[in-house]
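Presented below are the structures under discussion, each in the form of structure tokens.
Next come two complexes, and both contain subunit A; in the first it sits with subunit B, in the second with subunit C.
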Partner chain A sequence: MNKRVLFETIRTLVAIGVALLLALIIIFSVSDEPGYALERFLLGPVTNLRNFGNVLEMAIPLIFTGLAISVMFMAKQFNLGAEGGFFFGAVGATALVLTFNLPPVILPVAAIIVGALAGGLGSALPAVLKARMGASELVSSLMMNFILFWLGLFIINNYFRDAMAGAMASHRFPDAAKLTRILPGTRLHFGIFIALAMVVVVYLFLYRSRWGYALRMVGLNIRFAEYSGINTKSVILYSQIIGGMIAGMGGTVELLGMYPRFTWFQLPGYGWDGVIVAIMARNNPLLVPVFAFFLAYLRIGADIMARVTDVPSEVVAIIQGVMIMLVTAERLLAGWRHRMVVKEKMKAAEAAEVEGGGVQHG
Partner chain B sequence: MGSLFDIIFSANFGYAVLRVTTPILFASLGALISIKAGVVNISMEGTMLTAALAGVAISAYTGSAFGGLVGAVVVGMLLGLLLAYFALNLKTDIILAAIAINLMASGGTVFGLFVISGDRGISSSLASKVLPRIQIPILHQIPVLGPVFSNHNVLTYVAFISVALVYILLYKTPLGLRIRAVGENAHAADSVGISVKKTQYIALIMSGAFAGFGGAFMSMGYVSWFSTNMIAGRGFIALAAEALGMGRPFGVLLTSLLFGSADALANALQAFRIPSEFVQMVPYVVTIIGLVVYAQRKHSAAQKVRQEDRA
Partner chain C sequence: MEEILAMKGITKVYPNGIVANKDVDFSVRKGEIHAIMGENGAGKSTLMKILFGMEQPEEGEIYYKGEKVILHSPNTAINYGIGMVHQHFMLVPSLTVAENMVLGVEPKKSSVLFDFEKAVQMTEEVSQKYNLAIDPKAIVEDLAVGKKQKLEILKALLRGAEVLILDEPTAVLTPQETKELFEELINLKNQGFTIIFISHKLKEIKQITDRLTILRNGRSMGIHETKAISEQEISRLMVGRDVVLKVDKQPATPGDVVIETKGLSYHDATGKPVVNQMSFRVRKGEIMGIAGVEGNGQGELVELITGLKKPSVGDIFIGGVPVKDLTVKEIRNLKTSHIPEDRMVYGVAAEGTIGENLISDRFDHPKYNGKLLQKVKSLISRSEELIKDYKVKCDGHTQQVNMLSGGNIQKVVVAREFSSDPKLIVADQPTRGIDVGSTEFIRRKLVELRDEGTAVLLVSADLNEVLELSDSLMVMYGGEIAAYFEDASQVDEMELGMYMLGLKTMEQHEMGGATGE
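So, the complex of A and B:
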């Protein structure tokens, strides 16, 4: 077991190393001041508190969508609707905080619940179609992303739009709705605690509950799960709905923590980032915050670099892609792993022989 | 509502349907070939986007629209090759590898455009070329048919002709037989000496080539520039079109036309007092309804078989 963890760790490090090496090559080939660009990229996020705060702020939505995707991927449900769920959750929360006048604490809590329900609603349709009729959740969830986006815009534009605002935007949120800032000098908000609490909740759900057990069994082998009496259809349903709910929560927390009003007029992209985080974390909820932080660090580093040098921040997209490809490449380093296993078995066999011999002589 | 019918039954609308169907049709033919070989290629979106940029950049660099087209198709094939290498040699889950390609494409094209031209988001400073439109003699003069079918971009004709070519490839050639055999049952195909890996490589590279054509059409026909995320989900809609086309080239043609019509309808409806958000939703809603209908039919067919088994 430990060998496997060691192997996966090394493979992840190799993937990250290769991706960063590639970034290095790209930066050196496009930049006139590569040394400075690289220094800003790698060290920029830790040079001052504000930058580091930016990293932590960005990690919050990534933790939520990473968890959402992890739950769905662990059940081998390729629902890619976290993007739409995240957006639509934020729309639901906007509707709530602009409609009901509730006291502080209660208002954000209610908003998060409504956001979760809205996000769950978004992923429910692909889940039902998959469970009832075997329709591919992959395609339908991708379509739902676009539908939820336009539906959300319709709701904001027609019911909550602030006509006085220059650009398209909702009315301002009441102060009671906002999540408290917790670190002076940054925008880091209370949402980080909610995100970390969700990490624990999702971990307990997956590894300490019956539902989570059934979910993992379906992910490992759906036929075996079916034969051992697990209701696989309900797993297909609740794994995706829970995933959508977590994404919706994330959208709400991001919106109430970071924005004074609803101003998203394109999909924010955190759903896709969640796929990256979940893959790097091998769907393990406890690793999700680690890789959410890592990805946020890369992003903020690239932004800082793009601000002060001639290298565009989109270089990160290439790093991400290479990392995912290499991390998921089963055969990468497989030869080395094979030799490791063989060596271990040989040693064990030798030890057994020596021991067995000893017994005979004794 | 009368004027809506006027719009739908006008030659302009027919022309628009064929025009917006073109990229979807290319991508769904590509998806069809890969799925026939038993490998799902969901990187059509990213491949089209990358090819669209390659077409613009190479046509501006070489001064030739044809050069741009060739470049776009080659880039599409290379991405198909990349996906094949990771999925078939390194055993990456093909869905995840394709997601990686899509993610790389959406940021990587922005990066690439900036490096090539210094432009952000849209290729305004690249003097890229446009593929020619073709007037079909005789047909051109016939009323109704002429305005609908003539004067399209050359790639629109290529797309529709490709339907027949893909049909011939899959059902009338040895390679097509191998592709279908591998997709039906890889073990059985292997046992009669077909190289499964090689066949899937070929299928993925071909699907990349089709995505390349689709991308070239977007940036050198549909419009005459490259812009960020200009594929706007067409690569994903194509996956739905493939699924609904029941694995047949002509089925794929019909479903692509259906989605193309929904797209064209969305454009046409913008003149009416329907909220534009709902109009924008039309193609995606149609896709989901189509998926449901298709799944329902498959589901009830399977149940029928089961009942007959029991009887």
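So, the complex of A and C:
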């Protein structure tokens, strides 16, 4: 078990190393001032509080979508609906805070609950289709993202649009709905505590509850789960619905923490980033914040670099792509891992032989 | 005769940790028919996949015509002249015979377009040359199994194979087709081809092979001249179990009926009855063995009883409760335990820890759960207890299951299934492919549980095991009960063989009370 963790850690570090090396090569080949660009890229996020605040702000939605995807992937349900869930959760929250006049604390709490329900609703349809008819959740959840997006826009435009605003936007949120800023000089908000609390909740759910156990067993070997009497259909359902709910919470927290009104007229992209975070974290909720922070750091670093030098921030997209490919590439370092397995098995086989009293060689 | 091919010290470990071959030596002479024998899981197919370049060994060397070769891929093997006919055919069903023949080596018209006429001509040539008649323009999916196999052999020959590997070629054939195949193989042998023949059917081996290699548990039990070795000797080397393995057991004292089936039938996707009109009873404190050649409906019967499949017709009662419409969980709650035929497919989550695998049937039991969270401590201490009681050799409950040896993985399954205080145990091949120590341990446990009043339904392809453990005995053939013996100790092995092969079937009145309506 420990060897396996060690192996996976090394593999991730190798992937990150290779990707950064590639970034280095790109920066050196496109830039007239590569040293400065590199310095800004790697150290920019920590040179002042505002920049570092930006990293933490960005990590919040990534933690939520990373957790959402982790829960679904852990059950081997390849639902990519975190994007739609995130967006639709924010729509649901907007509807609530603009409709009901509730006191502070209660209003954001109610908004998060409604956001979670809206997000869960979005992933429920692919889940039901999978459990009932065996429809691929991958395809239906991807399509669902667009349905949720246009449905969300329809709702905002028709019921909550502020006609006085210059661009398309909802009415302003009441102050009671907003999440408090917690670090002066940054926009970092209370949502970070909610995100970290969710990390713990999801960890306890997956590793300490009976539902999480069933979910993990379905992910490891669904036939074993069926044979053991686990209700696999219900796992297929609740793993995806819970994933959608976490994404919806994330959308709500992001919206209420960072924006004065609903102004998203395209999908914000955090759902896809959640896939990256979950893959890097190997679906382990405790690692999700680590990689959410890492990804946010890369993004902010690239932004700073692009602002002050001649290197475009798209560099980071290349880095991301390379990292994901290397981490998901099962064959990367597979030879090394295989030798490890062989060694261990040979030891076990020899031990068994001694115990068997040498009858093996007839 | 010269050796055309030799493998030395081959060891293969799969990424999931299964040691399929360990230090195996193997050699074939030019122009012989050489059998590779062994039980399921003994490593026959793996050894041949290595020889055909489909798998890479961890250790060992391969020599072809005296030269050391490295077989990276089937293509390399084919270029050397090694061809393989797989158990599951590698054909494109919607294409014609000729098109399948030339797949990958297509003749071209003006070096671009596929030349179908040429392909037909090539097929006819090779089919005449080796006297294997086949219609080049027939669509593959319309062909009988025997013809498909012929096509696979021809495909290998067309690609210049001098050594032909056949993976359990007779498993899918009717007796007539088998006879034809054997004639063709002898014909090929006379033309100088070398044939490697994987099988576990003693009679066939005796009939057509010159030499044989026996594998057991991934290890070679030596190369033998077929004429010089008796069938008993072969089976002893294959199974390796007549060594001791006598289980001390007292006569059974059966009580009330625990499980009863009435007219139980199951039809597969094609509508064929795989289990047909089976009615039987197993009583408390009794081990009923089911003997039979594999694939005669035993697997389906087990899945029907344990709820993994639903019967087409008929009823099953466990402890008097009709279970036909119950879920797996509900059937387990009636104190039914199940040792599945394939432990890696159903028995364990191989990437899970030992602890996780030991609790899959009781993880949601109130005893191990608070309102929201599981009682981790009591789950762990239970797991540790089971590891100790069932002597699972491991580094602790957090070790991954696929790091264990086959015997220890099976002990994990058995520990879970035997420790839930079962009233009925359905044990399907409980000791297949595992070491002698674990086998003995599991058999003794089964008898112990019987003595404590559990009803045991034992399915095993290992006749020794069935005869050794069973109190009563049933033979399945073609999804039906071919014979029933109230007292298993009175059964003659030869007679049992007749029933297993379908040469004899008992009349209803001969079977006596336990199987009738």
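Methods note: the second predicted complex is superposed on the first by the 337 of 362 C-alpha atoms of A that agree within 3 Å, B and C clash if a C-alpha of one lies under 4 Å from a C-alpha of the other, contacts with A are read in each partner's own complex, and residues count from 1 in each chain.
We take it that a residue touches a chain if its C-beta (ideal position, glycine included) is under 8 Å from a C-beta of that chain, and two chains touch if they have at least 3 such contacts.
In this text, all values refer to a predicted model and were calculated from it rather than measured experimentally.
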Touched partner set for A:Trp272, first subunit B, second subunit C, both or neither: first
Partner chain(s) touched by A:Val30 [first = subunit B, second = subunit C, both, neither]: first
Touched partner set for A:Ile230, first subunit B, second subunit C, both or neither: second
Touched partner set for A:Asn48, first subunit B, second subunit C, both or neither: neither
First, second, both or neither for A:Thr99, with subunit B first and subunit C second: neither
First, second, both or neither for A:Leu220, with subunit B first and subunit C second: second
Overlap of the subunit B and subunit C footprints on subunit A, listed as residue numbers: none
Complex contacts: residues of subunit A adjacent to subunit B: 30, 78, 80, 125, 129, 132-136, 138-140, 142-144, 146-147, 150-151, 153-154, 157-158, 272, 275-276, 279, 312, 314-318, 320-322, 324-325, 328-332
Subunit C residues within the subunit A interface of the complex: 13, 15, 17-19, 22, 58, 216-217, 219, 221, 236-237, 240, 243, 306, 308, 327-329, 331-332, 338, 340, 345-353, 356, 359-361, 363-364, 369, 372-374, 376, 393, 398-400, 403-405, 407-408, 435-437
Footprint of subunit C on subunit A - complex, ascending: 1, 4, 204, 208-210, 213-214, 216-217, 220-221, 223-231, 334, 337-338, 341-342, 344-346, 348-349, 351-353, 355-357, 359-362
Subunit B residues touching subunit A - in the complex, by the definition given at the top: 42, 86, 89-93, 95-97, 99-101, 103-104, 106-108, 110-111, 114-115, 120, 233, 236-237, 239-240, 243, 275, 277-278, 280-281, 284-285, 287-288, 291-292, 294-296, 298-299
